[in-house]
Amino acid sequence: MKRGIKHYSIGEAFDDFILIKEANRGVASNGKPFLTLILRDTTGEIEAKLWDITKEDEDVFTPEQIVRLSGEVNQFRGKPQLKIMSIRPAQTTDGVQVDDFVEKAPVAKEMLMEKLTESIFEMKNPKLQRITRAFIKKYQEALLTYPAAAKNHHEYVSGLAHHIVSMLALAKELHRLYPEVNKDLLYAGIILHDLGKLKELSGVVTTSYTLEGKLLGHIPMMVGEIGKMADELQIEGEEVMILQHLVLSHHGKAEWGSPKPPLVREAELLHLIDLIDAKMNMLNRSLENVKPGEFTERLFAMDNRAFYKPLFEEN
Amino acid sequence: MKRGIKHYSIGEAFDDFILIKEANRGVASNGKPFLTLILRDTTGEIEAKLWDITKEDEDVFTPEQIVRLSGEVNQFRGKPQLKIMSIRPAQTTDGVQVDDFVEKAPVAKEMLMEKLTESIFEMKNPKLQRITRAFIKKYQEALLTYPAAAKNHHEYVSGLAHHIVSMLALAKELHRLYPEVNKDLLYAGIILHDLGKLKELSGVVTTSYTLEGKLLGHIPMMVGEIGKMADELQIEGEEVMILQHLVLSHHGKAEWGSPKPPLVREAELLHLIDLIDAKMNMLNRSLENVKPGEFTERLFAMDNRAFYKPLFEEN
Amino acid sequence: MKRGIKHYSIGEAFDDFILIKEANRGVASNGKPFLTLILRDTTGEIEAKLWDITKEDEDVFTPEQIVRLSGEVNQFRGKPQLKIMSIRPAQTTDGVQVDDFVEKAPVAKEMLMEKLTESIFEMKNPKLQRITRAFIKKYQEALLTYPAAAKNHHEYVSGLAHHIVSMLALAKELHRLYPEVNKDLLYAGIILHDLGKLKELSGVVTTSYTLEGKLLGHIPMMVGEIGKMADELQIEGEEVMILQHLVLSHHGKAEWGSPKPPLVREAELLHLIDLIDAKMNMLNRSLENVKPGEFTERLFAMDNRAFYKPLFEEN
Amino acid sequence: MKRGIKHYSIGEAFDDFILIKEANRGVASNGKPFLTLILRDTTGEIEAKLWDITKEDEDVFTPEQIVRLSGEVNQFRGKPQLKIMSIRPAQTTDGVQVDDFVEKAPVAKEMLMEKLTESIFEMKNPKLQRITRAFIKKYQEALLTYPAAAKNHHEYVSGLAHHIVSMLALAKELHRLYPEVNKDLLYAGIILHDLGKLKELSGVVTTSYTLEGKLLGHIPMMVGEIGKMADELQIEGEEVMILQHLVLSHHGKAEWGSPKPPLVREAELLHLIDLIDAKMNMLNRSLENVKPGEFTERLFAMDNRAFYKPLFEEN
Amino acid sequence: MKRGIKHYSIGEAFDDFILIKEANRGVASNGKPFLTLILRDTTGEIEAKLWDITKEDEDVFTPEQIVRLSGEVNQFRGKPQLKIMSIRPAQTTDGVQVDDFVEKAPVAKEMLMEKLTESIFEMKNPKLQRITRAFIKKYQEALLTYPAAAKNHHEYVSGLAHHIVSMLALAKELHRLYPEVNKDLLYAGIILHDLGKLKELSGVVTTSYTLEGKLLGHIPMMVGEIGKMADELQIEGEEVMILQHLVLSHHGKAEWGSPKPPLVREAELLHLIDLIDAKMNMLNRSLENVKPGEFTERLFAMDNRAFYKPLFEEN
Amino acid sequence: MKRGIKHYSIGEAFDDFILIKEANRGVASNGKPFLTLILRDTTGEIEAKLWDITKEDEDVFTPEQIVRLSGEVNQFRGKPQLKIMSIRPAQTTDGVQVDDFVEKAPVAKEMLMEKLTESIFEMKNPKLQRITRAFIKKYQEALLTYPAAAKNHHEYVSGLAHHIVSMLALAKELHRLYPEVNKDLLYAGIILHDLGKLKELSGVVTTSYTLEGKLLGHIPMMVGEIGKMADELQIEGEEVMILQHLVLSHHGKAEWGSPKPPLVREAELLHLIDLIDAKMNMLNRSLENVKPGEFTERLFAMDNRAFYKPLFEEN
């Protein structure tokens, strides 16, 4: 079984396949071009410099390319860096694929799909159910592979679906506790709230923001899509607008990107459930990396707090 | 010529036609129902109580109904109030119409339409021009009658078109001063930026917010509409998204309702032109009501400031 | 069955027992003293004036006194007011008691106590369990009768226990969904987080802030109490301080009254669960009072928002 | 024609005159002193190190000195750096002057002066006109050469006059559109609003803040100067105070340096015109440096936004 | 000895001299004009209505007029109101003067002047001393009678001088504790910091803001005055600018009206001393009015807090 | 007499005793471990690298160890660094002790203790006096040695006591100026307000935050301690709670760590005195390091301002 780049110490030799996540061209002080590579496998990332590159090197060593690399783990300005001895692109005969090098949700795609289908079966309002089902059908492939965000929380393959399915579980329980809640509306809102990210983010492996993502953002894009979808399905009635409102308001406040705050009970609940699941995902993943008695690193998306793991945690 | 309710003094008799703007039912301390009417003509508004009403009265004296009213202007808790002696609904033979009682833009509809058409003729980018023209065609009637807002600025008949046409004049000059500016994009942004208000506001005479207006707001609605229109016209290319960005960002900041701030030069300029024209409209209308050496009342939409009219203004 | 003051219309006669919530002395323009009474039953409150009072009246008609009152519901400045014809204090033979006039949690005290006990049985960490049990024992009577707040949420008899028990149900489910969470710590935090309110609030029927509540607040008071209790029980170890931290940080931010923000996973979760249960309580109680298609009144504690009840809610 | 330092690539040789903008002494790890020079011509700036300097070197290579330098453009920590082979101060016979190395407004001084004079001729209020003319006369030389700011906008020779003249053009058009505006007052405000910068900034070539600029700032200084000037010219009347108010309030808000917000129509307009011209100057200069389809670098003075240049810009 | 309006109860007869502070004309529901008078003596204020007034009444009953009034103290909307039976303007033979009806500082003018003179004698820096002395001479009369503010703190006759003298006492002690402090600079700053209020406020008896006060504010006005005074006295050197900086920055922050924050040690100290003396004045005057065990009314200028007077205060 | 590390220039040899303040292990690019040492004496700090360390080295060269070190002062990335030639731990025979290397308050411990005792003698309220005396007795040793903070102000040995004693001097004077102030309460508040720091901070030489300090903070800890102490001393009455309130509110605002703002006169005054003494300590220490005509470095704890020392300061 593979060891993973995160587990190498300074000074150790490395000889394995690894994936290029980013490749940026620079010019050295001797005037020759070089590449700064960010390499990754499922355990983490490491930087490497490829010096004195040719034009062909630039065409070959690009993002999402797997390479066979041998070298040594060094340290540069306090951070590990991989010193390259030899490097070549992987070939089909190597039997490796991009999927092997990226982190995935702890739940399989099939199971995630099953949970989504189950929730849709539970829905009784035909309008909400039809719109929701139509979107799942339209985006099924991407929905099951995209991360929920470029960083911060659920930033792994199938992260978005994992996030949705966790939220649905929470919603189910909250509906049991507060039966006044309209479960259909809440489910529909949860499933659709972040689908705009499929257009906002550039892809699964090297996730960045698209131009559309930067200039419009996933929330207004998705509100527009729901309108179009309802037109196509010839669905009318307040359900459509209320569902758009849930998506529009799910960031909770204007300064967080929702031009309208939640003004419907299920919109408020959607916002809170989203918050809880995102925060628990971040917290659990950070606390996993520290021992009892230690603090995590500062978490930017949680007001830059460092969290403490009590000594009495059995880990 | 009519005198206008604003010009009556306390103690004077009133006997004229006037328009009901609002009618709210109450119950008096003697247990009998009454109506609180807000009456208006082009010069202003006044409150009146209609006591001991019948069921029929309630059906007749409703918003947008013109009435013939005779009575006296009194004062109640420091504000004028119209004491009703007799009141009857206007009849077709009276030769009065709602239009006679509402304030209008200082420029005629025909002239506003002409200016819009002129601007569209100036545009050279066919995509931007076609989308803009399609919207004007679709909404022409409402666009030429709606106010630009429920209160604060351009809150009169044709206020929206008046606002757009003033902004176009400013844009033309700014383009002359800063020729780098893309005039076509700026024109298109100006014409479309507030069209969502046609759905956000309930109407011309008694302007309030629609449910859709409250839950979604005019900005996301219009961004969605531009997307649909481009689909219908089969227009593709960055123009569509950039135009959506202009509309989306024209409030300037997330906390003011724009989930994305202006990130394109013409978007920034659209925001600033909108600000200037709205503020000048408010300021000029307020300062008109005071004499040199006086302060206006506090203007809520301008950070609650009261403005001073210098003594050396010839008014 | 009693009708409840909320259900009387203007002009109707009233003849029933009702509870005095507040009684304030004033002096009328004729120089004679009078009492402004706030009267309440389980359905709501109404104001009444008792004119020309004697010294004895002042001693008799005081808060928490039940009275037999006959009169008529009038309207004064837009609000209902009870015009008093006759009034006398209730006597033991009348068979009425304060408890009949105050709103209560929808779950019986016994059931609430049972749920608390159950949760304590689930706890495995002996230190956390002992402290929690000791507090429940110490404050059992008050804990089962106090409201959770003077207004806004769970502001009824047994409101505090009802709030705690709802939060425990949520916590149980969250622990199932995120098994990394330390359930014992979270349970202990939930049960103790608001116990300081038993000293911050003045009582069950006429709830206001005590001097201690105003100058210290329930959070620092409870942090101190946990320290004393641990000393008494001779419990040492990080559990005590972490539990104090949970109570200290449960308002989430310094500006909301927590000098330290949550820095332990269960502290963050406690804050979020508290938020959800308080908000759902407010929302559900407000939406109950409106029909589909209507907005609630503005809810001050929810950023002054008015919430919409969709037409498709079957209510 | 000269090429300009901005257009050299890494690895290229440089052999030309260039101006020293800053010179800071350091001590190398070998204990010997060196100079870090910031060199500039009209196209941009570059850093260079002059090692092992003598006392004489320190006296010669100072700010505002032109040097003949031959060397090579290298890269250091991701930024270009000029490696010095030989360097000597320019001599009178070299025929170069400081003026050749600093960026200038795109409009000639004479034209700027003409435009200022024209505006003053348009003014009808004799008090406002006399004060304005007196200031132009007093500061004419500096006014025509100073930048409008140390950085951000119009930060080039004659930048202040260029900024004023652009604002006057805008004002003229706004007065045409909103004839209620007092053009004389607005013109006077525009011409004087930033004259305090002549004392706040240290000079034209190496612009920094004077002590007076740091402790008092240009706004209070200029308000004081207007008062003195009016005394000298024996001008009385509200014009003086209103003009002081325009200068005082032109930053718009207390937190932006205006102890009073604009409280006169022309003060509000002055603030908005200043904003537009400053922003358009920044935006146009930044967008000039990027190709269609690219974003500019982040602009600190525009809320740190990066702006996008659409693909359909013909540049 | 006079009793003071504050000490009259509802229902009591009043027959005494009293001062008109404000007089506002209104029109009653019967169409006849009336005056709303605010009357005051040293103990407080009361409102009164003078019905059916003649043109002469309007000319006679104006602010700062003393009147002989007999009537009765009533209550109107929860507040005391003086019902007028008869009223006449005071005559010279009545032997009353405005001074008898306004609150004064607890220290006599002569003593305040003596303290100011003493402090100036202590100063050693001749420049600071000369400027300070020149201002005291120029404004002596007003300085010894004006209040320090229109409301909030030291809002009584000689309030400004009282405030300055208290601050000087504090400064003297702080200089003893922190001998690094430049006492001359601090003294000069204290004496001059609020002199601009002599132009910002309209007068001693009926204190409101002048137009200059509203549009420029006392801080920029005083900074300008110091500049002029130094010119007149032909004083040069950093002292002048530093003294202007102290005045400019004494509100501490831009949003509180100081375009520059304190950047000199004595400027920081001036700001803090001003804060302490203003706050102590407000607090002491409010706490004087409550008994141990009570809270004061909310103090707007102290973040709207109500302060508690402990039971163990002997009052 | 010792010279102090602050006074060495780049290139100079160093051969003296010095104290290790921090020691952090790293791994060099050659794979070998090294220590980054922060060394200090009373004049300042310097960094040093100890390469190729053994396991023993790690055990020996730890914080609070004095070492004999010879080497040379170099420069690394713009900051001085001590290049180590030889290093050995100090021995008992060397006659050096930790105390020689740390900065101390300018007043001796004995004098500080005397001042504290004096103040307690002045107190007349027996409850306040007994609690205060008990705390001084309990913490005497630590109180006389701890700094008042980890950085910013009074960050030296006996800093806390020095801060308290300065505040007491100020309080005494303020009481003279405002005799309404309850001196006993103010004295007690001053002496106890920061005692929680004895638990919040880790020690005198290498001061960092304890876990308890991070999770609870000194304010809530001290409020709890006062409660326990009063219980132990069997003191009852409002004094205890009011004293807790003073400690709780002394940071002035919720966002600065005080869940309740000052609501008692002496609480407000305590907050202000604390502010003045902390700020004067910071300012005086910074200004000591610059010459007249210069600015200090930016002071983070004073809103990041740099302060100017006027030319006319004789220093």
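Going by the order they are written in, the chains are A, B, C, D, E and F; count residues from 1 in each one.
We adopt the following convention: a contact is a pair of C-beta atoms (placed from the backbone, for glycine too) under 8 Å apart; a residue touches a chain by one contact, two chains touch by 3 or more.
From a predicted model like this one, the values you see are computed outputs, not experimental measurements.
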item	value
If a chain touches subunit A and subunit F alike, it appears here	C, D
Partner chains that subunit E and subunit F have in common	C, D
Chain at maximum distance from subunit C, centres defined as averaged CA atoms	D
Interface sides of subunit B and subunit D: same vs different residues, half threshold	same
Subunit C and subunit D, separation of their C-alpha mean positions in angstrom	62
Between subunit A and subunit C, centroid-to-centroid distance (C-alpha), Å	42
Between subunit B and subunit A, distance of the C-alpha-averaged centres to the nearest whole Å	44
Residues of subunit B whose C-beta touches two or more other chains	211, 214-215, 242, 263-264, 308
Every chain pair in contact, whichever chains are involved	A-B, A-C, A-D, A-F, B-C, B-D, B-E, C-E, C-F, D-E, D-F, E-F
For the subunit D and subunit B complex, residues of the former touching the latter	125, 166, 169-170, 173-174, 177-178, 180-182, 185, 237-239, 242, 261-265, 268-269, 272, 275-276, 279-280, 283-284, 287-288, 302-303, 305-313
Of all residues in subunit B, those that touch subunit E in their complex	10-11, 74-76, 78, 308
Parts of subunit E lying in touch with subunit B, wherever the complex brings them together	26-29, 31, 211, 214-215
Partner subunit A, residues of subunit B touching it in the complex	211-212, 214-217, 219-220, 223-224, 227-228, 231, 241-242, 244-245, 248, 254-260, 263-264
